[in-house]
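One chain, subunit A, links the two complexes that follow: it is found with subunit B in the first and with subunit C in the second.
Right, the complex of A and B next:
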C-alpha cells in the first residue's frame, strides 16, 4: 500500500490504448510541478507506454502497483 | 536546427481502420516528442473533407464484413475516440503538421476550404521529402 499523497486521480480503467497515456499527459499538463498523479488502467499497453513516456518527458515514475484487475501508476510531475 | 527524431507519414488509404491505425502511431510519436509530418493523399484526402469527417468509411479489404463489425463493436464497447479526434489530440500534445498532397488536391479538384481545419496547408512532394529526414511510413 502506497503512503504517497495523490493530488490528481485519472481513472482510465476500461479505456483502450492510448487513452490512459493521453489522460496522464493531460493531467501532467494541467498539474503543477511536484504534484503527484495516479493513473489507473486496465490496458496492458499502459505497462510499457506510461513508463516510456514518463522517462522521455523526464517526470518521476514513483511507483507501479499491480492490483488484481488493473494497474496503478504513480507519477510525480518533475518540471 | 531541430535535432529531435521525426516521423514522416503518408496517408493514402481512406478507410477507418487504416486511419485509426495511423492515428495511434501519430499520437504516440507526438507523445514521445517526435516531430510528425503527415502528407495526405488520394482516398485519405477524401476522408479529410470538412463535410462528413465522422462519416463511416468502412475497413480495408482484408478486414471483410466480419472485421468491420468487430471494429464497430469494439469502438462502442471501449469508447474509442474517432481517428479524427485522435489526430486533434496529437496536434494538441505535440508538433504535428498535416499537409494535403498538391497532386491529390488537383485530382479531386479540392481547395483548402473543402478540407477540415486540422489540415495545415497544401504541400508538394519535394517539400515533403525535404522535411523527411527520418523514417517514412506509408499507410
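Right, the complex of A and C next:
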C-alpha cells in the first residue's frame, strides 16, 4: 500500500482506453502544482500510455501499484 | 390522469423521445418540450459550412414542425430544475410540473476557459464560428494551419480529423496546398480516441503530408503571435488556428445541483436514469457517459428512454437497456468515407474508406429531416441487414 496522501482520485476502472488517460489529463488541468493524483485503471493500455504522457508532460510518476484486478498510478503535478 | 413528461431540449434526443412517447402512449401521456430557441439544428453540417460545401440555411428547422401535433412546445429557457418538487422553472418565472423529466440539454462551448482562444483561434462547432472560418479560409493564401482540441469530451470525436483531411483537399483544389502546411494537434498519442480508427486515418494523413503532433492538449493561445501552447509544455506557431473549444454541461444543470463538476448529468449507462433520481432521465451530450457525444448516441438512446418511461407509467417491468450503440461516418476527403459502428462491448472495425460510405453519409445528411427526429429510422446503420453487415465485413481492416 502507498502511504502518499492523494489529493485527487480518478477512478477509471471499467473505462476503455483512452478513458483513464483522459481522466488524468483532466485532473492535471484542474489541479494545482504539487497535488497528488491517483488514477485507478483496469485497462491494459494505461500501463504504457499513462507513463508516456506523464514523461512527456514532465510530471512525476511517483508509483505504479499493481493490484489483483486493476492498476493504481500515483502522479504528482510538477509544474 | 395522463402522466406528465417534460423534455428539456429540442435536439435529436429530446425531439425523438418526445415523438416516440407521444406516438406510443397517446392518451396516457402529456408531453412538453422546453427549448430556448425553438429551432432544431443539424450540427454535423457545420463542418460543410466551414469548407464552403453547404449553405447554413439547410441546418436549421422550426422545432414545432418536427414535433407531433400532440406534443406541446414551450420556447423559453429553463433556469432551474427542482427535483424534490418535480418542477422546471422557466426564465420568466413560470413553473412546469412533471412526473418524468428527460434532460436533453446538450453541451455548451466554453472557449473562455482557454486564455486567448476566442480571439486567437477559429472553430466550426457553432454556425457563427463555421461562417467566420469559411470567410477566413476563402481569403487564406497559404501558410501554417493547426487543427486541435482544447478539452475532452467534445462533440463528434471524428470531426477534427475529418476537417483536416477535407481541408487538405480544399487547399489542393484552390491550388495553395504547396504553400501550406497542416498539423493535427492531438491530445493523445495517436490521431483519434478510437484506436482502430486511428490506425486507419494515420497512414492517410501521412500520405497527404499532414503532420501529427501527439500529446498536445491546448492550454493557451497567444492571438498576437499565433502561438499555441500545450499542457505538456510545448509551443507551436501557426498562421491559422482551428481549435475545438472546451465543452461542458448547460448552466441549468449546474444551477440545479444535478450535474458533476463539469455540468454533465450522472447517468446510469444502461437505464439512462439519473444516478440519484429515478424519475429523471438523461440523453445525448448531457450525460456523463464515457461514450461519443454525438447525435447518433442520442438517436439510439431515445427509444430506450421512451420505453422505460412507458414501463414506469404502466407499472410494467422495463426491458430495454442502452448498450452503448453509436454509428457515425468519418469523411476522409476525395469523396470517400469510412463508418464507425460500435457499442460498450464491441470496438469499431472501420472499413477502408470508400465511395460507398461517402454516399451513405451524403444520403443520411439529406434524409435527416424527414427521418431521424420523427423516429422513422430508429436503427439506422445498426439494423442487422445482411447487405450492410457484408459491406462492413468486406472492407474491414
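Here is the rule we go by: the second predicted complex is superposed on the first by the 79 of 79 C-alpha atoms of A that agree within 3 Å, B and C clash if a C-alpha of one lies under 4 Å from a C-alpha of the other, contacts with A are read in each partner's own complex, and residues count from 1 in each chain.
Everything below uses one rule, namely that a contact is a pair of C-beta atoms (placed from the backbone, for glycine too) under 8 Å apart; a residue touches a chain by one contact, two chains touch by 3 or more.
In this text the structure is predicted, and so the values were computed from the model without any measurement.
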Partner chain(s) touched by A:57 [first = subunit B, second = subunit C, both, neither]: both
Partner chain in contact with A:79 - subunit B first, subunit C second, else both or neither: second
Contacts of A:21 with subunit B and subunit C, given as first, second, both or neither: both
First, second, both or neither for A:31, with subunit B first and subunit C second: neither
Subunit A residues contacted in one complex by subunit B, in the other by subunit C: 15-19, 21-22, 25, 29, 49, 52-53, 56-57
Subunit B-touching residues of subunit A, taken from the complex the two chains share: 14-19, 21-22, 25, 29, 49, 52-53, 56-57
Subunit A partner contacts - residues on subunit C that touch it in the complex: 151-153, 187-189, 193, 195, 215, 217, 219, 231-233, 290, 347
Subunit B residues within the subunit A interface of the complex: 24, 27-28, 31-33, 74, 78-81, 89, 93
Partner subunit C, residues of subunit A touching it in the complex: 15-19, 21-22, 25-26, 28-29, 49, 52-53, 56-58, 79
